[in-house]
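Take a look at these structures.
Each of the two complexes below includes subunit A, the first together with subunit B, the second together with subunit C.
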Partner chain A sequence: MAPGMVKKTFLAPLGKDNPVFAQILGICSTLAVTNKLDNTVVMSLGVIFTLALSSWTISLLRKAIPSRIRMMVETMVIATYVIIVDIVLKAFYPDMWRQLGPYVGLIITNCIVMGRIEAFAMQNKPSLSLIDGFASGIGYAYVLLVIAFFRELLGTGTLFGFQILGSWWTGWAIMVMPPGGFFMLAIFMWIAREAFFKEGSNE
Partner chain B sequence: MSEFLFPLAVFFAAIFTNNILLTNYLGMCSFLSVSKELETSAGLGIAVTFVLAVTTAINWVVYHFLLVPFQLEYLRFIVFIIVIAAFVQLIEMVIERYSEGLYFALGIFLPLITVNCAILGVSLFMVIREYSFITSFFFGLGSGLGWLLAILAMAGIRQRLRTAKIPPGLEGAGIALVIAGFMAMAFMGFTGMINIS
Partner chain C sequence: MKTQSFYTRRIHPIVVMALVSIACILVTATLHLTTLERVQTNEQFFVWRSVLDAAGVDHDGQPASVAALFEDGVSVQQDIYHVERPDGSLRYVRQIIGPGLWGPITVMVGFEDDLTTLSGVSIVSQNETPGLGARIEEAWFTGQFIGRQGPFRMVEEGTSEADDEMDAITGATRTSEAFRDIINRAVAESDSIARGQ
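So, the complex of A and B:
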């Protein structure tokens, strides 16, 4: 495996092929968990874990899976890892588990996971698929963290629950409510697209 | 609230105050990609409503009569997704066999539904909120109708936007998200109309 290939696989999802703002995948959870930074960190770790390991597993099995039932097999593999995340969270961080509610389970239907498996892991070697899954997870996580940073800071004046802005700051309630998520993601997408597709030849 | 009225309150809350798409962000992927045409949006919305209402009911039965007695609650993710996938497949086969018109109208949307997070999300919410069977059914139906309402409104607005001048970076998904944000603000006007715990 050429080192250039590894580097390319790793860097693509961070910029031009970013799952969130370039491929528009996994929007649901991007919006739902980003009203607080600590939720976002936990959710991102869960997605990175699921994405990297299920890409790797599917890539190992890719020659053995009959193509007719491959969606079913993929879903089973993803669900297995999500159950692990769910059980670990429930056992060690029950408060966090309660706050995230159904969104941990919804990693199963997060289109990023299925998308990367279909597009990459089915054709590539396990080691490369692991890197691709991990990098896509990182690409997803940093978008989430940026959005969550602004939503929590502007919405409540805190970061990770600590007061950052003084008492003079009046929280923008709209930021922690659903519309704020939509607006923040749209703004982020706008800036990122202008930055990455300057040539004007996108799509 | 009385036994009888509670399911109805949940039903209306799922459409207006707690719209599954605009407050819980579920089903965004297909919402953004399909909402370009009014007719296809209506087709997908109706299919989602139907599948949601039925699979929520089936999942309730499976969860309370199969998983809880055997203490297998942690398997619910896998079991729910199998139920949804199997049901969608079944429906596809049935309508293909008996109604060609309906198959061409709805058939192409059915595979999309399995990966629509709204379907799995509603089943998971139903477990967390400990709804009864009837309430779960109405919750599923209401959520589906709420989703249908949101995607229809979105498709209508996007058809008008075709001639508008949009900054290149904001075209497509970007502008759709801004519109969704305004719609969510409009729906916030319903807050407080129905209070369910």
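So, the complex of A and C:
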């Protein structure tokens, strides 16, 4: 495999092929978990883990899976990794697990995971698929972290739960509520698309 | 594709799916069973910590010391936790479950020995909006009930003065109302603790 290919596979999801602002995948969790940074970090780690390993696993099995049941196999593999994340959190980080509630389980339905498997892992080698899954996870994570940074800061005046803005700051409740997610995501997409896509071109 | 045999079309997919399922179930079941004890300990720990919080017993939040404090000072009689504090005074803690905005809220409510003054309130589980309703878990919110007597009325965040006023959470009025109702129900039913004795 050419070294250029690895670099390209790794960099594409961070910019032009970003799963969130270019492919518009995984929007539900982007809106749901970005009101606090610590939730976002754990959710991002869960998605990176699930994406990388399920891409790798499916790519390993890709020649053995009959095409008519491939989606069932994909879902089964994804669900297994998500349950691993859920059980590990539940056993070792119970406070975090309680805060995230149902969101960890919902990684199963995160369209990025299925999307990358269908679009990439089914056609590529395991090593390259692992890189693609990992990079897509990073691409997802950094968008979420930027959004969560502004939502938590403006919404409650804190970062990771620590008070940053003084008592003069009145939290914008709307930032913590779902509409704040829509506003921040739209603003982020606007800026990111200006930066990554030239006016008038489809690339 | 029309030349595919019956095996390739019908049997092979079932075999593959079955193998994948068995492999996945083995992995998750093993992990579940190996962590089961730990998970149960965690859940137990949450309940114990909530009881101690509601009774106003100081602890450092470490599982071992919480367990030790619980073993020493707490006895359960007819679903009421009788907590003997280090200074010898007695607190009664009961669990109460009520509807929140999104799901049930489970609360430990502690009473002093007059059975009307609250010694503390702590949340065992809740499913309210993170950052808004979920702030009922914050110490300033649960702490405001200590030493007060219900039933409570809700006032704007940061404006409670009278003994029966409780600060609501701005942006989470419905959750605050739900929480007020749960606490008031606990207060109204507190005489059942006395009857139970």
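Quick note on the criterion: the second predicted complex is superposed on the first by the 201 of 203 C-alpha atoms of A that agree within 3 Å, B and C clash if a C-alpha of one lies under 4 Å from a C-alpha of the other, contacts with A are read in each partner's own complex, and residues count from 1 in each chain.
FYI, a contact is a pair of C-beta atoms (placed from the backbone, for glycine too) under 8 Å apart; a residue touches a chain by one contact, two chains touch by 3 or more.
All figures in this text were calculated on a predicted structure; none of them were measured in a lab.
In the superposed pair of complexes, A:Met76 makes contact with subunit B and with subunit C alike.
Contact with subunit B, but none with subunit C, is seen for A:Gly181 once the two complexes are overlaid on the shared chain. After superposition on the shared chain, subunit A has more residues touched by B, the comparison being subunit B against subunit C. In the superposition on chain A, contact of A:Cys28 is made with subunit B only, not with subunit C.
Contacts of A:Ala173 after superposition: subunit C is touched, whereas subunit B is not reached.
In the superposed pair of complexes, A:Met114 makes contact with subunit B only, with no contact to subunit C.
Contacts of A:Glu194 after superposition: subunit B is touched, whereas subunit C is not reached. Shared-chain residue A:Gly105: touches subunit B; no touch with subunit C. Look at A:Ile87: by the touch rule set out above, it reaches both subunit B and subunit C. Looking at subunit A, you'll find residues 72, 76, 79-80, 83, 87, 101, 177 touch subunit B in one structure and subunit C in the other.
Residue ranges on subunit C touching subunit A, taken from their complex, read 8, 12-13, 16-17, 20-21, 24, 27-28, 31-32, 35, 38-39, 42-43, 45-46, 125, 127, 129-132, 134, 170-171. Interface residues of subunit B facing subunit A in the complex, by the touch rule stated above, are 22-29, 32-33, 74-78, 81, 85, 114-117, 119-121, 124-125, 128, 167-170, 172-175, 177-178, 180-182, 184-185, 188. Against subunit B, in their complex, subunit A makes its touches with residues 24-29, 31-32, 71-72, 75-76, 79-80, 82-83, 86-87, 101-102, 105-106, 108-111, 114, 174, 177-183, 185-186, 189-191, 193-194, 197, 200, 202-203.
Taken together, the subunit A residues at the contact with subunit C in this complex read 35-36, 39, 61, 64-66, 68-69, 72-73, 76-77, 79-80, 83-84, 87-88, 90-92, 94, 98-99, 101, 152, 155-156, 173, 176-177.
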